[in-house]
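Here subunit A shows up in two complexes: once beside subunit B, once beside subunit C.
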Partner chain A sequence: MQGSDAVELVRPDTLEEALAAKAERPGAVPLAGGTDVMVELNYDHRRPEALVDLTRIAELATWSASGGHVRLGAGVPYTRLIDELGDTLPGLAMASRTVGSPQIRNRGTVGGNLGAASPAGDTHPVLLAAGAEIEVASVRGARRIPADTFYTGVKRNALAPDELITAVHVPSAAVPAEQFSKVGTRNAMVIAVCSFALVLRDGHVGAAIGSAAPTPRRVPDAEAFLAAELPWGTDAPLPDSLKRRFGELVAAATEPIDDVRGTAEYRTHALGVLARRTLTWAWDDHRGSVRACA
Partner chain B sequence: MTSTVAGRTTAATANGVGSSPARPDGTRKVRGEFAYSSDLWHEDMLWGATLRSPHPHARITGVDVSAAVAVPGVHAVLTHGDVPGLNRYGLEHPDQPVLADDVVRYRGEPVAVVAADHPETAQRAMKLIEVTYDELEPVTDAEDAVHGDVAELHPGGNVVRHAPIRRGEQTPQADVVVTGRYEVGMQDQAFLGPESGLAVPDGHGGVDLYVATQWLHVDQQQIVAALGLTPEQVRLTLAGVGGAFGGREDLSMQIHASLLALYTGKPVKMVYNREESFYGHVHRHPATMYYEHGATRDGRLVHVTARIYLDGGAYASSTGAVVGNAATLGVGPYDVPNVSIDCWGTYTNNPPCGAMRGFGAVQAAFGYESQMDKLADACGLSPTEIRRRNAMSEGTVMPTGQTVDSAAPVAELLDRLEGMPLPQPGSTADLRTLPGGVSNTTHGEGVVRGVGYAVGIKNICFSEGFDDYSTARVRLAAVGGQPAVTVQTAAAEVGQGLVTILQQIIRTELGVEQVTILPMDTSIGSAGSTSASRQSYMTGGAVRAAALKVRGALLSHAATRLSRTTAELHLDGGKLASVADGVLADLVDVLGEAEFDETVEWRHRPTEALDPETGRGNAHVQYGFAAHRAVVDVDTELGLVKVVSLDCVQDVGKALNPQAVVGQIQGGSAQGLGLAVMEEIQTEGGVIRNPSFTDYLIPTVLDMPPMNIDVLELADPHAPYGLRGVGEPPTISSTPAIVAAIRAATGKELLRVPVRPDHIV
Partner chain C sequence: MRVNLTVNGERRRADDVWEGESLLYVLRERLGLPGSKNACEQGECGSCTVYLDDVPACACLVAAGQAEGREVRTVEGLADGDALDPVQQSFVDAGAVQCGFCTPGLVVAAHDLLRREPDPSDEEIREALAGNLCRCTGYEKILDAVHSAAGAR
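Here is the complex of A and B:
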């Protein structure tokens, strides 16, 4: 290969080394599973000054649970999330099951999904709906960014140039009233045409849309409506009018485009349907837990 | 086991015709050890790269290669002026520049090629070539190209071919008339092995090219013309082919790599990446079709009138032959007394289109089968009953005037399909069985089941008077104390399993277990293309004919040595035997030092050109038929589809290798499913919007259901072993059957494939 624009590969063994490398080379791109970054490199759509290989940093590929939260290391692959945290983080596991193929799930990570910050990324709606926080670090120190301020634009996020994503903190589900649902034009291995996540928890409602606006985003009006109207603490079925209104509020919050995967009109319509259905399923989970406690 | 075929007693041996021995290359392919064309390597080789037009239609006003040439490691940057021979190639007409000269006619057209000592260097140098263009208005609508006031893209206009078919009354009246306008989107072959090959200069002005292709000799002809060389100077060897489906009939990197190799004096390898592959091969013609079907009140067809527009894109490729198929097969497998069809293949500035599995028959079938369902509705008949009432059979006269002179079991295919059990209602417990799969879009809400049927017809082998032949050489000798046969042909093994059945044919005809298939190359005569479902028929036929000549010579030789007459001898599992006295000798002993070596050029019975005014003529060699029943679950609120079952009945005349036959039916049906619900190259203003497997979707294992497959073996007396080409028919009826099932579930008209979610909701 010729020329000075070769891509430098940095392979730190510890987080400190990685943060130092990132501080020295703010244009460096972190590399974990490589399922996104390597495709862009191979097609020459991107030529960063350096790659920082994070796969040698063992602590990034661990998770721990305490105080009703899971701290999920940025380098835990989807397959492990599904296998090891399927009951604790059911919404995130549902989203993870829809990511790519088994091979991609073996390599890809939530950290990578956040780094790319694609509006179509599968885990974003769940992280938003669950009220997750993204833990980032630099040589200057660590901080946590709430998911709903993390996504700043199409494929842009709130990271400073010297920061790396180290973990996400996700409230775990005492009651598994979490749903994720994604429309694709193939029955597996497909990028979202649109997606939706809903989390019901003790009078709190989190709801978020994916692939239907410049960024993944929460739908505050729909959340507030539901938080106020749901018959919390009972196992009463929901009236159709309530589900329909929720669907309308979600649809109203979309800001989609026409693209090769679907039309804006279809996305808005489909999100209304997904909102109604996921509400039914999540409320069924809630009712089940109420009955179990009774 | 001894079977009698065409009056001759064939030699009994294991793993012969009718059995399913393992593929000779199967283990290596499964283990990832098979060398594909993209794995080729040569010491000191260079890497090629291709600069392509960013515009669908533009005049080139300047090309400056100086910056590219100056890059260290670059050995050559070539443009059209460096093409020593004819700067044009093409399967039917040489209308496509090797490298664009004055005008580019599609986005992705090659303008310059680079060779460098590293692929990255070649890519970067390629990007430094400065081409200036005057953009021109692209022609992107096939109907406008024929009838509209648009630019002529080639001398002589934008019609590549117009094929009329006229039969009977041209202004007929019928009790019941249904009409429809149907569209088929641009499907891609989506082979997994990208275009690739290695050209090695011979030091004497010639070149050896190792390449993944479908027809070595037609590649050779075009390369020779462009390079200004003789066939002896351009030798081709088939490299490992990772799928073809028609997409390798046209040249891709063959001339470019050879040109660079000759220019630099070094071996040159070229491999397209996935995105470039979408620009590097032709696709299935998109179609717009206007159909009118007339019938009596009891559903008997009176007439079919149709106008079919096939968008050939920037260059002709095989558009002419695709038009011939769509026109002659345009009414489907039905007996229709009055027919008026006009089919046009056009030039536009869309991506070039050419051969793809089904070749014109796929597009027409979506039109005529949609119409048959509409007619069934109008007549109050079931979809199967309307088809049975109009089904062709042996002896039916085609709209071209050709009599179908072997089995055409259309009604039987439908009867057998209807007799198959229907799948149980879906379970809502397993998301994988529901529309949307694990994406968790429904737990049963909105899901409606539908059932649909379709039948298709396909011509097998080359048609319309083409001199269609294959060449085979069979050599028998004793090797290491065993009789052994080598078979040489130039027939491209593209994954379909020809190498297996050629071994089987030898075992059946010569009773020899050990059969080696030599590498396919141009040192022997042409085998014709691996297309038109023809290689079992043609190269199978040629190998069988050569084997029979070997057997004749061997039996004469044995008769002399054993003091017997030829007539009383036969081969039986590596032995020579007589009917009266049983085994007489081991074949290996009779062979001794003798070697039997026969080469045969074998032809199917001749066909005729179509009359250009009436479309009459005995244009086709053989017809193949398949029928599908699709059962779908549709999420009617989201427009998502799960094909629950896709059952198929197909007549194959004779299953040379039953497992391979079933594999072809499964694969063809899956490709038809793809066209029904997801596969489309989307273009806008001539530009492909989804040149990737991220957005050009092909069915996964969760999209393709298990199939019930019923294989009929109604021998065609004209064909070797009675076989009927297998590869294409299952691709044809699969698509309309699935769409019919979606219509049944949703009540929507669905006039276009692929059906998208927003067509349903």
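Here is the complex of A and C:
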């Protein structure tokens, strides 16, 4: 693990300095919680010319809520997201609770999950289903990228080489009908074999799959079907036929591969099951809120 | 590069640190604190768990330079002089230590749990220690140790 090649470590105190460093050397690798980057360094899988430590930049580690949205700084660790935003962003908090272990959640961040853009990253399906936007910045200015167009390939995202992720903007849940579920080989410390997120909001449905295609992605046919068929505003239970059809449409949208964690066939099957279950839970949330209002 | 940090209440300085080096390496190889163990270097085993600014983290996944100016507390910093911390004493008494490789990380993680939850259930203990692997004990004695430490505090 001793250093062979020189790596520079840049430690900016402000976002401005960090963006200047990234503009000067686009090959520099941002370092947030380090739970992906340090593994690669320890195992010599990566020898970047420079690392840019983002953990000293206070503004990346804050969040704020206004106008039905939360702006969550890219550097807020999962543990704080869970503790501080569990009620406001229930879907994202649910996904965060399934990440790694307490030690990993104390350091790992949503910004790092997005930077790594692994098809198995747990926050991606929720960000997609919730209609989140990724805020990125460079010395050239800031822009927002809809989660829909952020994931461009296996471990690839829409960031330009001089850009950093600064925050995610997530609609907060007026009614907490948001669910995330993942299949893994045990309860703790598992990378998702496949995962699914569902958000129900005022006649709108967001649904997305993880680990079942080259990128995390939404499932538009299944979303449109549910939006049209759900008995919105009532506390009626859902017919089994509706849940089954939803599960089929989700399964049909997968494009999985066989790997060490599971076969393609298993993933497609499991996603149909996850879809039916999360629909039952999310609809129960919706019914609860309808009854509370009545 | 030089890294200045506070370790177990003392100001320390490490020189000739490689920029990509982990905090774990600095603690063990440069500061003479071999308590935190190096078993996987990928965040999977938890045997390197230390407090970083009072938050438990895998020292193998923290770049040493990220600890500049910060406070680290390792398993060596839990005892009060010769008196072991109740968590350490309970691990000894309950027979929760076999080869002992996992113990320092487990002790720090259990110490943190008991600060937050003075009387945890089995389930809460399992959840809090989910990032710490033990190949020897089968975890039952570890659960006993944490319960008895909770009683002793």
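Definition applied: the second predicted complex is superposed on the first by the 289 of 294 C-alpha atoms of A that agree within 3 Å, B and C clash if a C-alpha of one lies under 4 Å from a C-alpha of the other, contacts with A are read in each partner's own complex, and residues count from 1 in each chain.
FYI, contacts are C-beta pairs under 8 Å (C-beta built on N, C-alpha and C of every residue); 3 or more make two chains touch, one makes a residue touch a chain.
All figures in this text were calculated on a predicted structure; none of them were measured in a lab.
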item	value
Contacts of A:A20 with subunit B and subunit C, given as first, second, both or neither	neither
Touched partner set for A:A270, first subunit B, second subunit C, both or neither	first
Touched partner set for A:I257, first subunit B, second subunit C, both or neither	neither
Subunit B versus subunit C as contact partner of A:G33, first or second or both or neither	second
Which of subunit B and subunit C A:Y43 touches, first, second, both or neither	both
Which superposed partner A:L9 touches (first subunit B, second subunit C, both, neither)	second
Which of subunit B and subunit C A:A158 touches, first, second, both or neither	neither
Partner chain(s) touched by A:A227 [first = subunit B, second = subunit C, both, neither]	neither
First, second, both or neither for A:S181, with subunit B first and subunit C second	first
Residues of subunit A at both interfaces, subunit B in one complex, subunit C in the other	1-3, 42-43, 187-189
Touching residues (chain side subunit A, partner subunit C) in the complex	1-3, 6-9, 11, 31, 33-35, 38-39, 41-43, 47, 51, 53, 55, 79, 100-104, 106-107, 187-189
Subunit A-touching residues of subunit C, taken from the complex the two chains share	1, 18-22, 25, 41-44, 46, 49, 55-58, 60-63, 65-66, 68, 109, 112, 127-128, 130-132
List of subunit B residues in touch with subunit A within their complex	71-73, 118, 120-121, 123-124, 273, 275, 432, 435-443, 445-446, 637-640, 642, 677-678, 682, 689-690, 694-695, 697, 699-703, 756-758, 761
Residue ranges of subunit A in contact with subunit B within the complex	1-3, 42-44, 94, 97-98, 179-191, 193, 260-263, 265-266, 269-270, 273-274, 277, 280-281
